[in-house]
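Order as written gives the chain letters A, B, C and D; numbering starts at 1 within each chain.
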Amino acid sequence: MRVKIQASLNYHFYQPADVLLSLEAIRSQDQLIVSDQLIVTPPSALTRADGPELLGRRQWMRAHGDILLTYVAQVEVTRGPVNIAGLPETPRRELSYDVIRYLMPSRYCESDRLAPFAESRFSGAHGGDLVLNMAQWIHENITYTPGASNETTTAADTFMLRRGVCRDYAHMLISFARAMGVPARMVSAYAPALDPPDFHAVVEVWLSNAWHLIDPTRMASESNLVRIAAGRDATDISFMTIFGMAELRDQWVAVSVVAPEPLPT
Amino acid sequence: MRVKIQASLNYHFYQPADVLLSLEAIRSQDQLIVSDQLIVTPPSALTRADGPELLGRRQWMRAHGDILLTYVAQVEVTRGPVNIAGLPETPRRELSYDVIRYLMPSRYCESDRLAPFAESRFSGAHGGDLVLNMAQWIHENITYTPGASNETTTAADTFMLRRGVCRDYAHMLISFARAMGVPARMVSAYAPALDPPDFHAVVEVWLSNAWHLIDPTRMASESNLVRIAAGRDATDISFMTIFGMAELRDQWVAVSVVAPEPLPT
Amino acid sequence: MRVKIQASLNYHFYQPADVLLSLEAIRSQDQLIVSDQLIVTPPSALTRADGPELLGRRQWMRAHGDILLTYVAQVEVTRGPVNIAGLPETPRRELSYDVIRYLMPSRYCESDRLAPFAESRFSGAHGGDLVLNMAQWIHENITYTPGASNETTTAADTFMLRRGVCRDYAHMLISFARAMGVPARMVSAYAPALDPPDFHAVVEVWLSNAWHLIDPTRMASESNLVRIAAGRDATDISFMTIFGMAELRDQWVAVSVVAPEPLPT
Amino acid sequence: MRVKIQASLNYHFYQPADVLLSLEAIRSQDQLIVSDQLIVTPPSALTRADGPELLGRRQWMRAHGDILLTYVAQVEVTRGPVNIAGLPETPRRELSYDVIRYLMPSRYCESDRLAPFAESRFSGAHGGDLVLNMAQWIHENITYTPGASNETTTAADTFMLRRGVCRDYAHMLISFARAMGVPARMVSAYAPALDPPDFHAVVEVWLSNAWHLIDPTRMASESNLVRIAAGRDATDISFMTIFGMAELRDQWVAVSVVAPEPLPT
């Protein structure tokens, strides 16, 4: 399935600032980048800051004054429907450290603090069924409420607040999963048909020796998400990390499923 | 310089548990493993769980009942004296993501919360001199006090508590460094001449395109430390992560600088 | 019903310290002090520090070295069975400030943070029935676990931890009640038949223009509790507040229902 | 000195709500109410909710739709200049419980958590001099910054944030004072010559057997402040506590020192 993306961000930087951008789609087996481009206006040099490819592509920008950032892409998403029901957990002792790190508590996902609740509520099920039970609990107990949380809100806060946005839903599911021994990480994504259109955040859980997408907000379909970056929690996947002060003037995200088009020649 | 290590841990596991071990010395240019061995008694199979080699070697163990773990090693440490005075910072836009991740706040190192203080107290200096100023402030304002903190204590807690152990000293220096734009990470280590002998935790800061060791407790010498694992904070470098319940019965750490000996043939 | 109390505390004070004692039973309509005495060994002067009589009787002690404190009392408890089922709430605008203060969040009872959960879980019921629903939820979801919490644990912590002791049970019920508009406060008490015998902490809720006792641990009977002090949370009702350092060497609490005895003449 | 007050608040209540008002000046020896009136438009009944007179006068209001609240008063403030330099502390064992309660930590004043710093920084001085040292430290280390804090910010937060408004300055000084054994409480006030005019929050410390005003922001003069309410921290002295949802549309505070005028006959 072909997904067409345009994300535009207009910021004003009062002083020169370094900015780390995480806007480009990940290149991976389940999402082929047909074409993409990150455009800065006025034209400005970008410096690649990539780490492990599958955790996201990143670039440095030096910014001052009015900056318009535009990312346009066409991505062929081939992962098909995601169904984790019945998938077994990978035995813990078969996990390598690249996966183990997603078992540990992190700043916004205090899985250790939420473990007593998770154990009392979710014991019995395993693997994919366990994760689906957690997602169901979140669906029933958390209300999607823009403005109810902020960038310092943690999963433990959300557990009390019972409201939040995609970031908070993801932190909750990740925390529950880790508390019950399932490695889980956060993924930023472009999602077709989000209403209103926006950057999205979802979850990946490690089951049966692979990462599997799941959107605890149920606002997007895992089959047509385009992943941008993966990390322990919101700390790692911010689409812009600004070292300085800036003001967001305007933001526009358009993501849609399209018929494949011939590329410009 | 040749460092000889013996670390022995005697635990009782009431029920079978998976245990992730991070006890082995890192293999790197500045510390050559002459010989080492991780011995489990009663004999039990270990499974390697390594990630990136320079972040530490890890193994899985399945444990039940009384377990004696012993790590013995001889390591040739060649790094020589560490002197960061005068070292310049790497310009931020030259950092790759493998280093950038150590600029971000983490669970026990809330560099964002400590930034206002760091900026008001440490502005002016740069690079290695800046880090030495921070270490000096910690030396003057934090009192080494076993028992004053626990495994949930964060840098922000220590900033108020003014007491702590090596773990807390490291979290403070890491937080200050990140707050001022210097990538910093936590390193577990074997240190000769610690009194009392124990596992140790120190800091690495990224200056002049390389990691440099610094011990904010001033209890060990950076030149003869043997590094075990590196990570964002205490979460990543625990020498034993126990998935279950266990009781520490006894622990013995002996680390000393020795004359090189011929290896057994 | 006649309740006989003996509480003995043996402390060692390494240095001279001021100690605020809150050990004596409250004098009130529902509990008549037949006889009581607070004895310090070696003999030492006490200074009364009483505030409003119904919030508890307090005394200052100057302590150094080994101190044995003994409180002995016989109290006629006349309140009879407590049954709050069906009791109406007092309309808020009829509350005076002496009661209103127990509607506000306090340090260990973050009723504002727990309000979203309380509203989602307890809406519908009112007054005494509402409070009983909350107590039932606590009974079903919190496990009495000595050692699981400490003196800094708050109701929000307990909400996640799902374990605690009488202090934590009380903080939870108080927080839920305040969150739903029912004034609630914490009461220290001597309780017959506690197993093991100890100081106890329970709750009073304001319903139908009066305070009503309720023990969310269900370990004591409200009808034979002897109240010691009342306050917003654990901060206000500590049986000993020590301004300095001391070590508890021994503690013994015996509380029993007895046949009335003739007083010594 | 005659102080003339007008405070007007325009709120919109989307639904009927109970509102607890704490807007009227305290009647006390050092501030004589010459005349005052609390006016609700459209006209609406108020219900007195007073507690101890010296902690403030409070009223209940039932509100719906647009409400204009106006408090007008003339108050003769006779306390004269406040100078706490050299004032001795009251020996702890002479404190009654009405004062002792202001020695304890409270929700926004975590004096226990700030005690290590306070002890390391302020030891040596006593009584009024100690409090002045604390106020000086706050003056030098905290920057008055509207918008930097919010209604959940605690003294421990401000200690890290190094910025705040009158509420935060008061919480810091109260916490330091309590940590060092000086009872301290928070006082809401009308202050002439504030720029911009607003409700104000200051501190009272217990020295030499009496409460003494001190404004850690240094924006107002203690000699012409008109006290409204006193309590443990911001929890107790909010000028409006709204049980429901409302929107502040406009607020206007005018406080000035005037020549005494004959009262209307």
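Convention: a contact is a pair of C-beta atoms (placed from the backbone, for glycine too) under 8 Å apart; a residue touches a chain by one contact, two chains touch by 3 or more.
These numbers were taken from a predicted model, which means no experiment stands behind them.
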**Report entry** Joint neighbours of chain C and chain A, given as chain labels
**Finding:** none
Query raised in the report: Given a C-alpha superposition of chain A onto chain B, how large is the rotation in degrees, taken in steps of 5?
Result: 180
Query raised in the report: Could you state the distance in Å from the CA-based centre of chain A to that of chain B?
Result: 30
**Report entry** Length of the line joining the C-alpha centres of chain B and chain D, rounded to whole Å
**Finding:** 47
Report task. Just give me the whole-number Å value for how far the CA centre of chain B lies from that of chain C. Result -> 45
Query raised in the report: Which parts of chain D, given as residue numbers and ranges, touch two or more other chains?
Result: none
Requested in this report: Examine which chains touch each other and state the graph shape they make (line, ring, star, complete, other).
Outcome: ring
Requested in this report: Provide the full list of chain pairs in touch.
Outcome: A-B, A-C, B-D, C-D
Query raised in the report: What does chain B use to touch chain D in their complex?
Result: 113-114, 116-117, 120, 141, 156, 159-163
Report summary line: Seen from chain B, its contact residues with chain A in the complex are 18, 20, 47, 49-52, 55-56, 58, 60, 62, 92-98, 100-101, 104-107, 110, 181, 235-236, 241, 243
